[in-house]
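Below are the structure tokens for one structure; questions will follow.
The first chain written gets the first letter, and so on, giving A, B, C and D; residue counts start at 1 in each chain.
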């Protein structure tokens, strides 16, 4: 035996092996984006999941990609909203009810929603970035009384790329302010035009009471965070979800590093204060 | 039957490289036979000039993906000839082993995948596999054994990287070599079964009185060394090649033809080697040839498939013999001094004699290179064969005649990719 | 610590025999292809007896010695990570049938290795990779098992190469523990190995060898030899390195290095602590079988940081910065240790001889000015 | 006739070695034939099935006006087009003519240069038509060819790494020939795929897979010159061989000799 080895107890299930999950429903949200509801074939594979975490979804022989949890299904299932951008996501978007896929997880850090009870909540997302934040909206919706003003600021490139629009009315009905913008409007659009950070000026919340949750392209998140800080939001209360290439999701493949952070273990959700400096360095 | 017809094969299939056939028949007479080559010129001899002589084996390998070892072997021998170096002993035996690998691979490819379908009325080996999978699997296994030799000694099957002037870059380990021997035991059985199989094919009655040209060595079936001899009395050293042979760029033909001065077309390849050297085949190969009824000479080009199969037996047996008493050479290569000189060498590529000439300058750069591949030597003979073959078969339907003509070309396993000398010519059709 | 005993060189095979009786697969140094590599070895005859190496940035040469020393070389192109974290390993095979997915291979246990000739810096590297693969919330089972089963025969260095800087990093050249046996080789009038056991398994094995205790002069000679190896030309001051790396993220020096760096990944692949990997999912032609392979990768490789149709780190400067700032800087935050053990491999095996001990002071100077 | 995807193999100026790689897949050939219809593969079959084809493998470079036309026709009939080998991907060894006077070349080889119709340059397929994937190598590696076939069959990305030969060399545990022997090796700038066979045979890589995704050829050349003593003309030749017309190698080659 070698001495001096620091050993964690070998986990029962091999971290590399995906377990079979079954598609319970598949709903096309918009042109290239589908929400899957999946359930473990064997209930013992189910693990508690918190909003902000992600799963590694595997398509037989095609590959495996990280996809955030965008909600929980009516039963023990998980919801994943997937945008078709390449081979694996394409295959995911084309799954049908009853199809089997592989899944590992959940992995990563969660949105610290409970820590901000009693606060105003600002949720800002760009494009597919609303998917990991939808559980936050739903969480707040279910515990509406525990939070003060809640604002959702959301944008996409074009009107037909906006996600979850049917839900917006329900959110508004529950007293959530939902502001939506697009980069490029068409005739049908009579809402805001411009990038997401420009929505802040329409948002009604108390800066010194607010906690913010951001997800979207990195530039959008940087500008948004800066805007919020400039307006007086406490930097420590701003949280964002980052994205990097990932292969293992268990902190061993080394690919998802941003400075000292492993996005799969320490993230993907970080407080702004921890990543602000790193995000400012090009190509880090 | 129409008075005048023309048999055309737009793209010859199951040959290496791209060519076409155009036969013109007028008043029941064959008036024209053209083997047309599309293969565009690649100018190897031109850009070899100014390259270091050590690069020649790697560069000339790229002339042909089917028989790269032959090009490498002719090149290194010619360059060693220029330097006055003789590579002997275990290194020489390893070179023969490598050549065995290429023969097994290339011949088996031809026998099973390119030629046998003709005799079985099939378009391809894949079609053959539908009815006789075990047979095709045997062919693939045999071919794989040949490739295994080339891959072990050369690093990979196509364009091996381990051949250098003076020997090899590295000698494979003993363990790998002995594993190879095991694979070759099976290959020998497969090769013997192959002879039996192809010997039973139906061959058209067709014999030609060729002048056969091949290497001859006093005590070896020829691979990489020997005098250039012919069935009509030629007996020269590789250095004298250009005094007896000439390359002509004739307008009617599509390629540089190589001819024996004064005498014209001749034939190289398995039939020629067999005619001139059958007594030096390995014991099992000789026995197989006897049982297959080959006799001392075979002048029916359609039966070349049998001779190839016999040569595969020889190559397997010789490979096993080399491995059985293999001695590890002290160094993987011998030093080859630089210096201005001219070198010549011929080796026996699977398809026949392959002659290289290099003139090297004092800095070790190639000044002049000339490469004469087997298919350019056989080109004239292929057309002669076709002419003779077609004449008595004019009453065949076009489709049958076309099929048989194609088959007659495939007898040669013509390697059109050995394209240094081939070019496309605009054919005048009136 | 147990007392030091003496094993005569001509009896070295007894050690191999004792390990064989315990059914270990011995791997250790041997001469191959012009270098001293780690490979399967059966006995003392396979060791690089009478060989040594000379090293410089971008240069390594195998050389003959005029004695019979077995371990009088430094470190070569290989490191032990290839046994614990193999360069290519199939993680699993799956078969698809009737729309369901089923695993069709079994977890094969790794061989029980005995590592022969592990240097002090290499022990440090093993301890670092232990943290990476088994110290976090998830554990690499294969690594864990192979490591746990391994019997480590360490050797204190009595020579060091000009590329070594373990003294400054505090990882060598003396072996002080974290192994089963530690040897120190003495050549001279007598060719002997001083043996110390550092674990119960090591002690048990030493007892079986039935050795004489070492004489005081022998222990002195050993200390002197190891002490001589501690005199090294190269050095890196680990103090303040993470801070320096953190401050240097936008230093113009990265661009200067990038002019020379080939982004060929050799430095990361020879490094005994680098752990980056690629996970490849493949399927066969029929589409019925799929496999997952894990292979050594590198932060220098294209696609390593792929995101949305492009790499996050495109410029070689950014890649080199990732490698160095991780190795010497952020590693400390992640694993509470530096990622560098001062073995010098990345200096020797860089095909253009880039030398981290020369680059770090330049960064420091850049910061100062 | 068959609902299997139709595969076609096309040849332009080349040595046939890359398409032979398919026939060299002795263990997999019949499986391949079971999964795809070999609709057009002249080297192997005299049967020809009309297009369109689901996947065309194209070997060889464009060196004649006729071939420049022909490749367009191939593209039109092909859903996906993959080039195989250095000729199709970078012009091949025959692209060495691109640095010279072709007429002089023709005179050097042929007695009657007037019979020869050829273009002044040997160019890669991608210079003429859109290419969906380029498989490297002179010749290609058959394992990689199978990988590309599987990937196209199952609509995933081919796992063909674009890093340097050094990565394969190190994964195999080969001792670096440059560092340990002072042997010039193009591995650090050459595209992986061969499995580092040259270093495995104690010789430097000669770049037959062409440039890797990122190359720093000036630094490598500088090191060869200053530390390995490689003369300039030798350096030039090293870069100008089987992938001479690939931009990175061409530029470095032209800087020397």
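Keep in mind that, in the parts below, contacts are C-beta pairs under 8 Å (C-beta built on N, C-alpha and C of every residue); 3 or more make two chains touch, one makes a residue touch a chain.
Because the structure is predicted, anything quoted here is derived from the model rather than measured.
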Problem set entry | Distance-maximising chain from chain A - centres being C-alpha averages | B
Exercise. Of the chains present, which has its C-alpha mean closest to the combined C-alpha mean?
Worked result: D
For this session: Using mean C-alpha positions as chain centres, tell me how far chain C is from chain D in Å, no decimals.
Result: 37
Seminar exercise, completed: Rounded to the nearest Å, the gap between Cα centres of chain A and chain B is 65
Seminar exercise, completed: dist(centroid_CA(chain B), centroid_CA(chain C)) in Å evaluates to 51
For this session: Would you mind pulling out the distance in Å between where the CA atoms of chain A average out and where those of chain C do?
Result: 39
Exercise. In chain A, what residues contact two or more other chains?
Worked result: 61-63
Exercise. In chain C, what residues contact two or more other chains?
Worked result: 282-284, 287, 297, 303
Problem set entry | Interchain contacts (touch definition) - all pairs | A-C, A-D, B-D, C-D
Seminar exercise, completed: Residue set of chain C touching chain D in the complex reads 32-35, 37, 58-62, 77-78, 82, 87-88, 258-266, 269-270, 280, 282-287, 295-298, 300-303, 316, 348-349, 351-353
For this session: Sort out for me which residues of chain A touch chain C in the complex.
Result: 1-11, 14-17, 20, 41, 58, 60-64, 85, 98-100, 102, 243-245, 247-248, 250-255, 257, 259-260, 262, 265, 281-284
Exercise. Inside the complex, what are the residues of chain D that reach chain A?
Worked result: 154-157
For this session: Give every residue of chain D touching chain C within the complex, in rising order.
Result: 28, 31-32, 34-35, 146-147, 149-150, 153-154, 156, 159, 161-164, 166-167, 170-176, 178-182, 185, 187-189, 202, 212-216, 219-220, 222-223, 227
Problem set entry | Complex contacts: residues of chain C adjacent to chain A | 91-92, 94, 96, 99-101, 103, 107, 126-127, 130-141, 144-145, 147-152, 177-180, 198-201, 249-250, 275-279, 281-284, 287, 289-290, 292, 294, 297, 299, 303-308, 312-315, 318, 321-322, 325-326, 329-330, 333-334
